[in-house]
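Going by the order they are written in, the chains are A, B and C; count residues from 1 in each one.
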């Protein structure tokens, strides 16, 4: 091979370096539109009333509606002529009627109980059943279960443990964002980007971050934790120069530079958070939930697949206080966290999630956290499919197998 | 099969109920972009002058243009380099010249009679013929025939009979709308939706409708009529409650509740309409024409396929009066019909046509009218294809065979 | 076959007349996104600074950036997670760092020299090389070479000869336009359209054009010239009428009507242009460069493929003057040429390039110029591929083989 040909081979744009697909994790690869068999938050509770509210979740179109007996979910497509039922309205208690011909479905069962324009003896009554969804309310939000017809697990078994049975004050943001939910989740749990991408975010005035650190991933129950072992606050890159995220106008890093989990010595720590005995800073669980334990509050992000192209960002800040002790939280949330963290800081993540384009991808050492998250998703899904098989249930094909 | 598996099967979203496709009516299924072999209204007569006017019809791009000898239609794509001829202009009488290189086509024959930029002896002259369209003017509108090269039937054989040879005053609206023309036509002839979808339309203040009724479909000549047999003005739905479209502020229903065709006893009826001896209220004919005979006027809707995605709504209100007796018509049309009927009422139909998504579809008893319309379209098309075959003509493939 | 069937065959819209594809020129047909192995102008020199500037060229995404050592080009996609490197910034001299995780690439070599968030000893350093592009500056513009890894030829061998080593004053416009670059180039070199399409352009007040003329194509070096032999300033089209592009308010045509190349007798001719001894008016060379030699200046158009759908129009007016003699040029360019020629006149071409839709196409006599241009492109490309093969280089597949 001539020098020119070698040069050609080196500079050719064809084959991209690194991993060409995600076939190492086939379930994860197939889950472009999300993992089935979970509860997902879709909106705030006070956004659902007696009029149907359209929801798109895991590529499925449904609506939620409130009735005297609670909140119900139903597939949005009227089987008669395909018109969205969410354009309809409630003509009789406990039902919804399609706007076009008045086909009337029972919210509880999905049964067609009347076709108004064909009279009370319409032969089609009770011959059609519209698919329904299980719906719950938690944390001031409406949660919908998307499965394959199996009986849903209790939602409290899926929520972060400390949010069940403890009283907490919450600051929340729900925002639809472009980009696949997996990029959002990988971005959230990603070890590396926060130190560089967010270096100029205002939130970083209060939250110093090292240039780099060593990490280990620890599994505990449904969660995998990312534990920083040794942190380096400045670094000299040979032949290039020195780099640091610190500045005289920013908060100083903690004295000890070991396990940042040991931050309990700094200030008064909320007992619920302390009771967690968290071994690390950030943790993630299925079906795409990030938990970041700060000394005095916990921040959560739920990445909810709308479909393969869009996701809901649901950010929750929880402080486990009661009564008068909740007042400083509201001041802190409304005065700073909402704008600096759920706003500008998270807006930089939003930007990256929109433009990430992988695979192909060439991972590096800090991406160990991504690999472990993908393995968690893969193993958990394999277990679920085993359970379905023993119940004789064939799971639905993924909504978008190409992505 | 376990209970859970049964639940899974019942709630699974996979297979939709009812009819999965329209293969029962293969010609109808293939006619997403319309039926060939008919005259279609495309615009008002006064919209066509000496400049070419672009028209899209049955997925074909053409233009119409007026000359001393009448109106002509021609395929819009210049064969030289594919530039639209409708960007061109008239340089010599009876011709149109392409804007790009001055290729000049005779309107009557489609023959290339000059290529200006290659001089009078250009060897390409008379070597190229551009496809032309037959064009007629009726009812103040321009009509174009789309066929397969056969000699068109006279347009008067296709127009509603009473519109040929009778003097009538007309109120008209032409509007391009989203959605397939078949949904528009099925919506127009549909027995069921008017009673429910339009229940709050202002037009319904003057036009009472029953909750439901029994119907029979009667064929007469080119038309099939929908005859209401027994009407029910209120109904009690077991376990749900009572429902009625009546209200104290709305017009009352007629005394007799039998064949609504017998409305001639109510008021003075226009003799042309009476001469129709219509056995029912609404009728439909190919290639998608709806006729609704009111006691004192007739309303028509022509559903004109632009392509598989869009259609023209052409609404015509005709009153068979002359001279001074036309004045009340104009008052009625401009004061009420145009806004309430061609406007708000028809706007609700427009909305449904946009969002209808069938097949799959699960039809119910009142959809007998749809089934009969589809059968009419199927049989009529079969007859036409037989005629073409005897003339040695192979019809064009449908413009969009997928829809 | 009956008369009706013949009529059907004649009027059928199915098969279009003329050439159905460009398979006569397979390389040209495959070059929807441009020909590889050439330098292309992408922006003005003063548009490139220390921030990366995104460029799309031949369907490839890259960026250009200025450093102390010159201008560099690099593929825009970070191999880590696919984020555009053009969102990044310069953290160390001679490098660019990805905005997401701080992956840092050397501009000169493309080598990954640091991954900031993984520390100075990151094992991935020097394991990844980002493809780079050769970049040069000429005529106040930045030029990028797109090849297959071979050593680029010197840019001066590709520029129009008279622009190398001669001092000239330039008036320039760079504009991104819709439409394939081949339609732009064919439009530029096309003999026929100028006389008709531009008949009402203000530029034509000063530039008379015949109705038609005879032409011969002359090859000289890298260029093929279009030589007008006999010009006809008016013509009588039999059965239609007389047509001319002249008018009392327009400039008169030259006295002699032979070879328009002999315009040197009219006025003082710039010696550089005269030295060209151009045998004709318009010439074209690879990879899509038009040169129109006016008596006192030369106009160039570079048609730069952005991808198969868009191209850059780069218009350059050059006058080979120095010192005070440049002043009239600026007055002429800013006062007239920029608005009338690079503006309105060229805007008519822009419109046609957008709507041209070929093949299919039915060419006519003046299209001899197009055929010769396509043959030039075909032969030149065949020669280049031969050279690559002897170097052991396999060229990349075209970016968009369908168009």
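Simple rule for what comes next: contacts are C-beta pairs under 8 Å (C-beta built on N, C-alpha and C of every residue); 3 or more make two chains touch, one makes a residue touch a chain.
The chain lineup, named per UniProt: A, B, C = Rieske 2Fe-2S domain-containing protein.
In this text, all values refer to a predicted model and were calculated from it rather than measured experimentally.
Novice: Touching subunit A and subunit C alike: which chains?
Specialist: B
Novice: Shared numbers divided by all numbers used: is that above or below half for subunit B and subunit C, i.e. same or different?
Specialist: Under half shared, hence different.
Novice: When the centre of a chain is set as the mean of its C-alpha atoms, what distance in Å lies between subunit B and subunit C?
Specialist: Each chain reduced to its C-alpha mean, subunit B and subunit C end up 48 Å apart.
Novice: If I count partner chains per residue in subunit A, which residues reach a count of at least 2?
Specialist: none
Novice: Tell me, which parts of subunit B touch subunit C in their complex?
Specialist: Within the complex, subunit B touches subunit C at residues 60, 75, 77, 79-84, 87, 91-93, 95, 97, 99-104, 113-120, 122-124, 128-129, 131-132, 148-151, 391-393, 396.
Novice: Over in the complex, which subunit B residues touch subunit A? Could you list them?
Specialist: Contact set of subunit B toward subunit A: 1-2, 4-5, 7-14, 16-18, 191-193, 195-197, 211-212, 232, 235-241, 243, 352, 355-358, 360-366.
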